[in-house]
Structure formats: C-alpha cells, structure tokens
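The same subunit A turns up in both complexes below, where it pairs with subunit B and then with subunit C.
Let's look at the complex of A and B:
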C-alpha cells in the first residue's frame, strides 16, 4: 500500500488565506452572526464572461482548485473529488423561489443547471479539460472527509497518482434566514475573541473553499503525510475519546504522541461539550488549536482545519490567533483534527510530517 | 486479476412495483409505470408523464410506522423501504455483527419539503422541523438510523443521474480495501416541482410515453424510486455461508468535460467509463452479454450514449435495452434501479425489452432488444450518465 501526501493547499475563507505566502498574520476582525469569504480577485483567474454566470460557490471552488493545482505544479489530475454539504444554495434558492413566485411559469434553465451539487466539480473538470474520475460527496459535515477518504483509497491502491480534493460551501440568503429561525445561527453578533465564550446556541455561519492536491508521490514541497481519515455518522459524547484512541492505535500512536490537536469548537453552547471534554481529559497535556472563530461554521469548514494542520506542519509555526491553550508545541509533527456538527457526522483526520 | 464484490441482497421501490418481486413481474409482463402525476400539484400535469410511486406521504409514514412529529422527506421514506428490503433479503438480523456502512446517492434530497414550505419556514412553527431534512445527507442519515447503523461510515454522493452508480462503485472499493465488511449501496430520489420544472425548462421532458433509442423520441419521463444492494466481503460471505446473487465485477467513472448539462456528440465520457469498467473487470467487450443502457430517451443522451457504445463494442454488440420506458428516469436512483434489474437479468437469464421503440435512429444502426428474450447471461454492463459530465459504468457478473 502506498503512502499518501498532501502536496499543495489552497484556501478561500473569511480570512486572507488565498495568498498562501502568509499564515494568518493579518486577521480580519468580525463582529457578526454570518461571515462571507474574503474574496480574491476572481477575474484574475476566471474569464469575466464565465465569472458572471458563476455563483459564489462555483467561483470559490474553481479559483481555490486553480491555486492548489498551481502550487502542486501540475496541469491535470487523475481524479477530481469535491465535498459540499449544502451544495449550490444560491442557484437552488433562485430556482425554487422562481417556481413559487411565478407559479411555475416564465422559468429559465440557468439556475436549475447550476443548482446541482456536482456543478463545482463539473466546472473544474470543464476548465481543466479533465476527463478523469469526478465525484461529489454531499454528506453534511463529513462531505470533505468522504472525498478525502475516497482519494486516499485510490492513491494507496495506486489507482491514481495525483488527486484534487476540496470542500466548498456558499451562503444562500434564504437558507441563512431559515437557519436563523431554528437557532442554528447565533442570536447576536460576536467578535472572534468572544465566540467560544458567547454562551449562546448556534454558530457563526460562513462560506469558503479549501482545495488540496493529494498524491502518492512525496515531494520536497509536500506538506504532510495523510495517515488516517475516519468518519462516524453517530458518536455518543462519551465515546469520542475511545474512537480517537482506536484510530491512533491503528497507526501505532497514543494520545500523548500527538503534538497538536485541531478542534472544531464553534461556540455553540449545546455542542462544544464534545470538544471541551477532550480538552480537559485526553488532550489536557496536548497543544490545542481551533479555527472556527476566524472562519465561521459551514459543512466543509473542517477542510480548513486540515489546511491549518498542513500549514502548521510545513511551517513548524502556530499562529497565536489559533491557540486554545498555552501548551507549547516546539516541533509540531503529528496532528489530529477532530470535528462534528450538532453532535452528528464526526470526523478524524490524522497528519504527520513527511 | 480483479475479483468481484459479492451482492447478497437487494431492495427496490419504483413506479412498477413496491419490492423486487413486483418489479420483476412488471418487467417481464411489459407493464409500464408511466402516468400523469398525482401526488404533486403542478401546472405541468397535463404536459408531462411521470414514473410515480402512487403512495402518498401519509401512506408511506403509516407503512414505516413513523411518529407524527417525524421530519422524513419523501426521498428518505422511499430509501428506507428499499434499504430494509435489501437487508431482509440478505438475511441480516444483527447489523452490528460486522462493520457496516451506507453509501447512498441522491440529487433531490429533501427538496420536496423545501419547495412546499419555502416561505412558511420563516413564520410557521410546524413545518420548521423539515429545515434540517433539506440537505442531501439527511435521507442517508435516516436510513442508517432505521437500519441501526451507528458509529460507522455513512455518506452520500450527488453526481446527478450517475449518483447511485457511483455509490455502488465506492461501496465496492470500500469492501476491496478492507475499510468495511458490509456496505449498503444505492440511491433514492423523489419527484419534486424543482426537478419537474427544471427539466421542463431544458425542454427535454416528453409529453407522452418515453421511447428510448427511437428516432422520434421526444424526451424523458421523470420518475421516482429507491433501490439498494447489500455488498459483503469474502470474510462475511464465508462466515455466514451467504447466498450470492451476483457480483460487482467492474466499474469506471469518467467526466465528459464537454458541457454542464449536455453530453459530447461522440460520448467521450461514456466511452471512457465503459473502457475503464471493462479493464477493472478484466473483460473484453465480447465478454459482455447484455447492456442495460442509460437510454433516457432525450435526443442528446441516446445519440451520445449510442455512439459511445458503438465505439466500445464495434461489431461485437450484445443485446441492449433501456428500462426507462418502464420507470421513467429516476435521476440519482437510476443506477441502483438498473443494478437491481441487471442482477435480476443475470439470475433469470432474461433480457428486459426496450419498450415503445418503433423507428431506428438515422445516425447509426442500433436496434435495442424490444421483446423479452431468454439468454444465458454471465455479465451485464450498466451505464449511468449525468449532468456535470458525470459518466459511470458498472459491470455485474454471475461469477466472481
């Protein structure tokens, strides 16, 4: 079985992350309940006529994938695999509301065509003229991890050498409104330093695209080795530690071998307990970092966690803004990411310096 | 040499039957399930025909014994019915005995409820329970819950009309790589105003019975359905002395990379998908005994797919047919519906007819099988092609 490496990373998020030369050193302060992506100049990457037709998620996905391909220094891949929990919300909302508002009359196909979940992966393939394997996973908070696992299996079995994997999520105005009424979104604006202590229900909703080239070909410039990807449709709170220990054991590791853990705390008083119990117990002596205060919550934001872990391993630096505790990690070489959303769809991603 | 992955159970609900036996009966007796739409109030009613499951949502809720406060979308309910039949047929009484996961395909997800309560969500308390069942993964989570699958790998694929074929492909890969011992794979999609109007704007809906591969085809009939297969590892098959229905022998996925919704003239993506599947199965085109084509009866699909089939099979064409004239095009579920039909074809050594065919297409000399035919079948190739250029092929076989 071949080893799998992360060879390039690209992130479009509510922070200035698309310029990969910097590393969260110029933080955008928010005081909101919903935060949008900090946009690159899309026109630099997509012809203006094409960009005009694309909803935000498509643009973010296409550009993040281009940045990842560029950094990996390759022109094509053996597979394109994306994850998106909510899919193309903007075009879906446009088409549904047009159906209702006009009683199924005067409809045009554009928004319907662009509403399907696989639009981003399809557009990336079109742009790259890539006829290879093309998949889109749409399973809530583990959409990205499903894509990553699929890629890992293909690379391990040598069915592919380079695979583009990414997660993308866009905000849709109506969807945001309806999630507000069921308290999935925080009742009042919070600053990034207050998110975890807000003591309220819900999260700060957001959008973004995080793409990676994963490969079974290790390069000097590789970020990390991908050791494990594990997902769970359900997991009782008191079983999370057990699941973590079991994944670590399969990789001949113990909790104390981890240099850093990347946790998915989003400040939702109902569900942060999943993370807090780990912080106080199996990871009490481990360096803990978090990121959703900076980039918000969405179904594929856990891909940002993998971006963060990759970047920490490669640069051997931990930006102060992500510290969840004061423990020093002088050589951050082995990192575990843990995420869940509203108590469901848990994921573990284990990375190691290569 | 690639060994196939064992299929040990299957379940289905479609416009032509509520279980495997009823679907088989309709297929061999040429009973179509295409009618006017009854369960959805749409102004398109008189202009389209659909493959509809006639149970209302209330009837499905009663059948499944769901509590009144449930928030199941129609997609989820159809999915649970088919998945439960598959588990029963596979003789699984203790789902936790082996590491079991689910991979399901859907494109509509909970859109049926979203379009019904879109604005009400903002003000009415009662329908708000459905907000969380909108996203595509929700139906799969609910199937997992109903089957008692916990703490496991449960995921959803949405690659338009190839979703379920891709779910089967991933399932086979999960078994081969040892990640799971058992996986329930397939797909579910219900009818919705969203898809009815979407396909209507693309002007590819027929106003009468769809006619795959016919020169005068007028477009597709949308359908709704769910179907699942149980795939099991050699370890489970041996330990439980399982009866094997057939094998997933090969699979291939490629992207046409031509247009967001239309297929390329020569079917590049479909050609690649079929070639890859043959390679994984280690078979030659001449080894395929029957092709269950995607054959949606749109002008574009049948031409593109037909050309692709000819590019792969050349002068070694086996019998082929599309079963869409029976069920309509069930979108994300289609690959699973046709997987069940392919396995039934292998089990019964029979080729299901391509109904409603009259006139050969002028572009090529391809005549589908139009009457029920008995033939010894060892391998069946099934195509699923979708929006976004997604092309998938799965090969089913009698022998591993």
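Let's look at the complex of A and C:
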C-alpha cells in the first residue's frame, strides 16, 4: 500500500486563517454564541457571474479549494471528496420558506439547485472542469473524516494520485434558531478565553471550510503523512481510551509516543468529559491543544483540527492560543486529533511528520 | 409604464442576485440575455415564476419567454397588456 501525504491545506474560519502565511498570530476575540467565518474577498477568486447564485457555504468551499489547489501547485485532481453535516443551509431554508410562504406555488429553481449537500463539490468540479470522482459524505460530525477516509483508501490502493478533500458548513438563520431552542447553542455569550470554563450546556456555533490536497506523492512541501483515520458512530465514554490505544497500536505506537494531541473541547459541560478524561489519564503527560474556542463548533470543524495539526507539524510551532496544558512539545512530529459531538460520531486522525 | 420598467429592473437585480448592477445601469432596450446582462436559462425560469407570482401571467409555452424577455421595454409592454394582478 502507498503512503498518503497532506500536500496542501486551506482554511476559511472565524479566524484569519485563509492567508496561510500566518499561523493564528492575530486572533479575533469573540464574545458571542454564534460566530461567522472571517471572509476573504470572494470576488478575487470567483467570477461575478458564477458567484451571484452562491450562498456563503459554496463561496467558502470554492475559495478554500482554490487556495488548497494553488498551494499544491496542481491544476486538477483525480477526485473531489467533501464532507458536510448540514449542507447548504441558506438555500435550503430559502427554498423551504418559499414553499410555506407561497402555499407550494411559485417555486424558483436557483435555491433548489443550490440547496443540495453536494452543491459545493459540484461547483468546485465545474470551476476546475474536473469530471473525475465527485462524492459528498453527509454524516454529522464525522462527515469530513468519512471523506478523508475515502481519499486515503483510494490513494493507498493507487486508484488516484491527488485528491481534493474538504469539509464545509454554513450558518442558516432558522437552523441556528432551532439549535438555540434545543440548547445546543450556549445560552449566553462567552469570550474565547472563557469557553471551557463557561460551565453551561451547548457550544458556540460557527461555520467554515477547510480543504486539503492529499496525495500518494510526497513533496518537499508536504505537511504530514496521514497514518490513520478512524470513525465511530457510537462509542461509550469509558471505551474512548481503548479505541485510541487500539488505533495507535495498529500503527506501532503507544499514547506516550504522541508529541501532541488535538482535542475537540467546545465548553459544553455535558460532553467535554469525553476529552477531560483523556486529558487526566492517557494524555496527562502529552502536550494537549484545542481550537474550538477560536473557531466554534460545527459538523466539520474537526477538519480545522487536522489543519491545525498539519500546520504544527510543518512549522514545528504551537501557537500559545491553542495550549490546553503547559507541557512542552519541542519536536511535534506525531499528532493525534480526537473529536466527538454530543457524545456521538467520534473520530481519530493520526498524522506524522514526513 | 415608466414606473413598471423601474420596478422590473429592481426585481431583476434582486431576484437574480445581480450584485454589481444598479437600476440606472440597465437601459430599457438592453438585451437581458446574451451580450446584454448575460442572463441564462436558469434566470429565464426565475423570470417566468416572477411573471406568474407578481403579475398573474402564466406562460403556457416557456419558449414564449425568449421574445418576452428580450428587454425590459418588451417585458413591460407584455405585462401591461396581459397582467391579471
């Protein structure tokens, strides 16, 4: 089997991450319950005629993919695979509202066409005139990891050489209101430094797009080798450590071999225990970092965790703002990302310096 | 009629998301499709729905749209002669 490498990364998030030259050195301080992506100038990347029908999620996905392709230095890929938990919420809400408001009459095509979950992958393919494998995984908080796993298997089996993989979510006003009603969003605004100590239910909701070119061709500029991707729809809290040890063992590693662990703490008092038990036990001597205080929670925000891990490995630097503990990691070469959302859809992504 | 034409221009901009176009930039006789505003077949469907919803004009043959949507002037003339609301 061939090895798989992350050859480029691109992130549009609530932080200034779309300019890949910097690395979380100019943090936007939020004090909100819902945070939007910090937008690049989309007009610089998408022709006006194409952009006018695109809602924000599509624009974020298209631009993040273009940035990833540019960094990888390639014009096309052998597959485009995206993950999204909620899909194109804005056009979905627009279309469903039109059905209700107009008594099922006068339905226009644009919002319907743009509302499907695979719109982003389709628009990316149209933009680069790529007729190759095009797939979108919709699986809540493991949507991105499902896409990444598909890419990894294709590359390992040499069925493809370069694959564009990404995760994208956009905020929709109505859906956000619903999440607020069911207490999945925090009841009060919270600053990024206080998220983990908020002691309240729910998370700070957000949006964003994170894209990667993964390849079985290692470059000097590659970020990391992708050793493992594992997903679990259900996993009991007391089985998480075992699952982690099992994945590490399959890669001839033990918890103490990890230089850094990237955790998905979002400050939800009901579910952060999944991470805290690891912090206090199998990872108590490991450098721990987190990121959802900076970029919020959404179904594919774990792709930002992979972005963060990739960047740490390549730059060999860990921004102070992501430190979860004080342990030093002088040579961050092997990093494990662990994420779950509301106790379900757990994922492990293991990266190594290459 | 002049009021209707201004109304149509504003609706075209809003419903077709022509972000970089203003009402003043659309002349009454500008071609809406092709070299003019550059609208496409999806826009034509949007305009057909707009005629039905806002002016009570239901096109039995979508191909009629090709003539009716030639320009804002032609659209306004057609709406003025056929509107039911």
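Before moving on, here are some points about what is shown:
Note that the second predicted complex is superposed on the first by the 354 of 354 C-alpha atoms of A that agree within 3 Å, B and C clash if a C-alpha of one lies under 4 Å from a C-alpha of the other, contacts with A are read in each partner's own complex, and residues count from 1 in each chain.
In this section, a contact is a pair of C-beta atoms (placed from the backbone, for glycine too) under 8 Å apart; a residue touches a chain by one contact, two chains touch by 3 or more.
Note that the coordinates shown come from a computational prediction; the quantities given were computed from them, not determined experimentally.
When the two complexes are overlaid on their common chain A, residue A:52 makes contact with subunit C while staying clear of subunit B. In the superposition on chain A, contact of A:95 is made with subunit B only, not with subunit C.
By the touch criterion stated above, A:235 is placed in contact with subunit B alone, subunit C being left untouched.
More residues of subunit A lie in touch with B than with the remaining chain of the pair subunit B and subunit C.
Contact with neither subunit B nor subunit C is seen for A:67 once the two complexes are overlaid on the shared chain. Residues 105, 107-109, 113 of subunit A lie at the contact with subunit B in one complex and at the contact with subunit C in the other. Against subunit A, the residues of subunit B that register as touching in their complex are 42-44, 102, 106-107, 109, 111, 114-115, 118-119, 121-122, 128, 131-132, 135-138, 140-141, 144, 149-160, 166, 170, 173-174, 176-177, 179, 193-194, 197-198, 200-202, 253-261, 268-269, 272, 386-390. Residues 80, 85-87, 92, 95-97, 99-100, 103-105, 107-109, 112-119, 121-123, 125-126, 128-140, 142-143, 146, 149-150, 153-154, 156-157, 174, 177-179, 181-182, 231-235, 239, 243, 299, 344-345 of subunit A touch subunit B in their complex. Residues 48-49, 51-53, 102, 105-110, 113 of subunit A are the ones that touch subunit C when the two sit in their complex. Here subunit C touches subunit A in the complex through residues 15-20, 38, 42, 45-46, 49, 52-53, going by the rule given at the top.
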